[in-house]
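In the two complexes that follow, chain A is the common piece, with chain B as its partner first and chain C second.
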Partner chain A sequence: MTERHQPSQDTDPKYSYRSEKTLPREERVVRFLETLREILGAKIYNLPLELYLGTCAKCNNCAEQCQVYQTSGDQRDLPAWRSDLLRKVYKKYFTRSGKLFGRLVGAKALTEEDIDDMVDAFYRCTMCRRCGVNCPLAVDNALITRIGRVLLESLGFVPTNMTVSTRAQLGETGNTSAIPKPAFIDTLDFLEEELKDETGIDIPIPRDVEGAEYFFAAPVSDFIMEADTLLGIAKTFHAAGASWTVSTENYDAINYGLFYSDVVLEKVLNRLLEPVHRLKCKTLVIGECGHATKSGFLFQKILGRPEYRGIQLKNIIEVSHRFLREGKLKLDPAKNPGVYTYHDPCNLGRGAGLYEQPRELLKAVVQNFVEMTPNRQMNYCCGGGGGLVVVEDLHDWRMSAGGIKKADQIRLTGAKYVVAPCANCKKQLRELVQAHRLGVEIVGLHDLIGKAIVLQKDA
Partner chain B sequence: MTGSEFIANVFPYIAVGLFFAGTGWRFVQWLALPAHVKWTLHPVPEGLASQLKYMAKEIFTFETLYRFNRRLWVGTFCMHMAMLGAVLFLVLNLIGWTQGFPVRYCLWLLAVSVIYIFWLRLVDGNLRVLSSFEEYFNLAFLAVVATAGLRASVPHASSSSRSYILGLLTFQPGGTSLAWDQLLAVFLVSLFLIYLPWSKMIHYISKYFTYHHINWQKE
Partner chain C sequence: MIINLAGSLLAVLILSLIAWGAHGSAGLASLFLVVIPYGAFAVFLAGFVWRIVSWARSPVPFRIPTTCGQEKSLPWIQSKPLENPSNTAGVIGRMALEVILFRSLFRNTQAEIYEGRTVYGSAKWLWFFGLTFHWSLLVILVRHMRFFVEPVGPIISGVAALDGFFELGLPTFFLSDAGILAGLTFLFLRRVVVPQLRYISLFTDYFAVLLILAVAATGTLMRTVFPADLEQVKTLALGWVSFSPVVPSGVSALFQTHLFLVCALLAWFPFSKLMHMGGVFLSPTRNLANDSRMRRHINPWNSPVKVHTYEEYENEFRDQMKTAGIPVEKE
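This part shows the complex of A and B:
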């Protein structure tokens, strides 16, 4: 284990990742049950929770589809076993049969040791939802993992990287990387200069434009590490003659609340929606980021403020695909030589149904495309899903149990480039490439669109 | 009214009533729950026809298990088809289209497949870890019901099971001459019907909610 994986002093060394402040052991059971009661009282999970926890047939079909279990063979990675940790508690305290018959119906009183098991198990799941695709009873263990993490958060168990980033996002700077506003504006200026140098055309990145049709928000990490993706997106909007804008405040689409907290998710989501509403933009377009897209798509109507619920939400892939269909994009696939394959980000595929649109775009901008096997709804997670990609303590796990299936899958394609339109996937895949010496390059979809797009001076 | 008369002539009506009431109550309870978080799992079959096709395929072939868990699929498929077959052939027998032996074959298949699944849960390490008392109890209950049904379906000199069931269906119960094994079968089947809606075997309706209200939710 390298030095970076050593837990800090204020961390319970029993757990595989660093948390900042956890409750004393003796207080955990009571708090856990209080939080579960609050979650049920909020009434936004009751139907799925009751069905998932009450009707699972324990057929173990999920394990046969779980890439983590298929790699580790560890009982803790059986999705149904993990869900059972919460199922037993739910039955014991919140169902009549559990209260009356206890262990006879699979109910069990919660102990501190059970919570230890949960801390471990719920952060060994990438929440990829692959196991749900072929569940005979349509039980989705990823939601149970998510609820489990929300419960653990109330005890203080959250990977430090997530809480630090979220604190910055909900603080003065409004973004997870704590970039001050002047620095962000400098970045936008820099991107405009790059566009001018590259194309010889003035392609503006409009800022805070009231009434723009599209309000674009990317994960802030794209502004630091994925300039090519953003340049491609700017060129796409420009070529299509679209009315668009970015915001200079609350522009970060990242929402780690999806992975551990409804309170955080709600705050971040509403902060993101606020300037869209204020600027009277019709559509919020999320950049190449799977979890940001999913957190908006799934939670806007239930956690967004009522006045924000009319805002349309799209992922940039949907918008670019529409431009392509409308003939607004002139593309030259010869600009992207080499063999390309496509990684379906879980949150864009299983989470948002974006399977065919990215492929149509990709086939329009590259000459040689090969599919991974399996793909679409059965594609493997990158291994860093569920927010685990930001947890440095889990790096070794992500490179092995979490991601080895993905690494093997990429190797078998023979491709030189892997297209991954998701910021978290890109980070994890690049680490996998390095750890497993895959010899491929990870790129964004709009990086390639940006290269292939043929712009006219008077566009 | 003696205990035997109660079991033969009254209890089946109570059981069927409780089965429908329990199933209906749970259906309505789930239907009445407030709007939940959207948790769609893509791809979603487009249109009602595609969704019905998907469901029919899953219900009649258990394709998801077939693809990933063939050993369990053998037992599960046989068990469910045997239950379906037993009911279907019983109806055909009652209306005079078939003899009684297809029902008996189905009950044999049901008993054997349930025992197979029970065994599989004991010997497969992962299934054993996941299985609680409830899983074993449900299987054992089903095995006992199937076995009792088999025993009762053997032709009896004193009373015909077919005539007895026809009597129940026409609200003219005449179960006073039932043999002990026929009475036991009636009692166990009735108990099972009462238990079914309150067990996790309620998935005969829960699947509607997990698919249509959650996995395939559009808005």
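This part shows the complex of A and C:
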């Protein structure tokens, strides 16, 4: 598991866990503006910067929707204020009115203290987009947060837990948890044995099968922490008689680039698509993981290499749901007694629009299902979104400002089990359950399918 | 914070006093009644077009719409085309819902602790007053068109008739006047009373609402308490639109103030957050369909990128590579 960061000499003492090889204080302002100029020159984020920052009516409706602000009451958590940090700078240096009228139009020269504020504020946003859904002008504060993080990265401000993971992923082992290939194969063998012990049938986890229809990639942490989810997925594929495979080369769907860097996003995404293309698989199926799903869905056709654009992308929920509707799964809801509720992961809901499939699946495998309030597009974030869940030093913040609303919401459902098909949410929710003594259990959707599924012995 | 509020109040007052003070001076009449209106309108038009064109020309290399409902997938899963559109028709519908009915503000929920339990209710005040203000403004704009055309068309008189449907008072008091004043008062009080809103408010935020409030107040006063000479006003307005401006002699100080404030609003409009009037249509989070898995998003006005692919590179250097013993893909 991730360790708390030990401050070293390269880091800014004030934000030790969020920085490595940080620029000296006096050089930051210049570098920040250089990077912003570069970004504007590349014409990627001009519209969000000009339009979002230019049309925001400051109605503060975002604050009413922000679970972090509603809990903390801290000015730094006002979404409009956070976005304003960037707006001031943009106006001051890149617009005529800002140069002419300065503070009168909200432009302000950048100072080192402003940068401190940004390091604080941009890593207190879970990028859940709940405010974006409610914004009359469709200002996407999560995107502003991301642009802010990209800028801060150029100064050396990134949570080390994220960079350590991406470095491992882009390095030799090719995955964020730095599991070497032999260990991974061992894990697959172990999972197969588990399946045999549990069901008495041989359920293979096919490896590197050329021409398989479904290429499955889970967030690699599932292989360490969520064995039940993977067992459920293997059973589902087996029961449906689908041809599927995992890769023993690139088996990690996690993409932290989504949270702070376009370069990393592009590299990791192509790394993931490469074996799908090589093995000539038709569909890339992403496991129970929100941000991997979103980064794949949204950016595969834009950032993926031309030869990878023909690959179909699906979340495992969509695939299982299709099997269910095609009558390929025999499910026995009596295997899952108790009351279940469903947590919409932000990246699957507000990011990808998967609301109904998981619910239909869930209703088919459990006896008692209750909705959370609010749910679907208005659901609260688990409190660890935007990559914050990997930052161990933010644990206390995640349990308080980030997650109290969620804990309260779960408590009110009266459910015994919370289903969250996202590795990020699962980890945060488990910590929440512990910290707030909620007395509920966090499970994945496919854990339940795995339990409820009725397999034919002769298969 | 308080300085922003006081400053913008002062700015609006000064603007009003300038116009009021200049009233009665024959030399300044043509300035205030002809030159400034033309200038302000020109600035408004040019600025508005410039802002919209510059926004519309900005590339959107990504497609990241918010998905507020089930996405379109397999035919037997009911999707929500207005909350999560997958094609242009859906986008138009979603945009129309937003612009006409403020769909997103209608979503507002509020959590409250009630007898030790969190209760989720809906919070519709901002939606209600926001909608009231914007619709009233539109109706008032349409009503004002009667000064600019002769004869007055059925749409304009129809709107005016509907607006004065209850025939309260004489001359008829318009509902939209009440609506705009109520809406703006709510928006202003909210900004002043709610601490976090005060915290994020800049000079321009107060100025916008106070300026429009001043325009609406002077207009309503002219309608109800100190009637303006409508014949003179119409002569003036027709003079503008026919490009043969005349300076009528008998307009009141109140009218001149009203007009000058409108001119200030017009001239400032393109440089302010009020540009959300045009910008709301351009936000890529709402005006793009959620179809990133169906087709590749290509920004039609992307500048062409010069690429040198590996294939071309190899073609160029194949012989040298072979001599140097570097493996090549094609022999």
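Everything that follows uses one rule, which is that the second predicted complex is superposed on the first by the 443 of 459 C-alpha atoms of A that agree within 3 Å, B and C clash if a C-alpha of one lies under 4 Å from a C-alpha of the other, contacts with A are read in each partner's own complex, and residues count from 1 in each chain.
One rule holds in what follows: a contact is a pair of C-beta atoms (placed from the backbone, for glycine too) under 8 Å apart; a residue touches a chain by one contact, two chains touch by 3 or more.
None of these values were measured; they are calculated from a predicted model.
After superposition onto chain A, the modelled positions of chain B and chain C overlap sterically. Look at A:357: by the touch rule set out above, it reaches chain C but stays clear of chain B. Of the two partner chains placed around the shared chain by superposition, chain C is the only one that A:309 touches, whereas chain B remains out of contact.
In the superposed pair of complexes, A:64 makes contact with chain B and with chain C alike. Of the two partners chain B and chain C, more chain A residues are in touch with C. By the touch criterion defined above, A:295 reaches neither chain B nor chain C. With both structures placed on the common chain, the touch criterion links A:245 to neither chain B nor chain C. By the document's definition of touching, neither partner reaches A:255: not chain B, not chain C.
By the touch criterion stated above, A:145 is placed in contact with neither chain B nor chain C.
Across the two superposed structures, the residue set of chain A contacted by chain B and also by chain C is 43-44, 46-48, 50-52, 54-61, 63-65, 75, 78, 80-81, 84, 97, 103-106, 129, 132-140, 143, 297-299, 301-302, 349-353, 355, 376-377.
Listing the residues of chain C that touch chain A in their complex gives 51, 54-55, 58-64, 66-71, 73-74, 76-78, 83-84, 98, 102, 104-105, 107-111, 117-118, 120, 123, 126, 130, 187, 194, 196-197, 199-205, 271-273, 275-276, 279-280, 282-287, 290, 292-293, 295-297, 303. Those residues of chain A that touch chain C in the shared complex are 43-44, 46-48, 50-52, 54-61, 63-65, 69-70, 75, 78, 80-81, 84, 97, 103-106, 129, 132-140, 143, 297-302, 309, 312-313, 318, 321-322, 325, 349-357, 373-374, 376-378, 405, 408-409, 412. Those residues of chain A that touch chain B in the shared complex are 43-48, 50-52, 54-61, 63-65, 75, 78, 80-81, 84, 97, 103-106, 129, 132-140, 143, 297-299, 301-302, 349-353, 355, 376-377.
Chain B meets chain A in the complex at residues 30, 33-44, 58, 62, 64-65, 67-69, 72, 76, 124, 126-127, 129-135, 137, 198, 200, 202-203, 206-207, 209-211, 213-215, 219.
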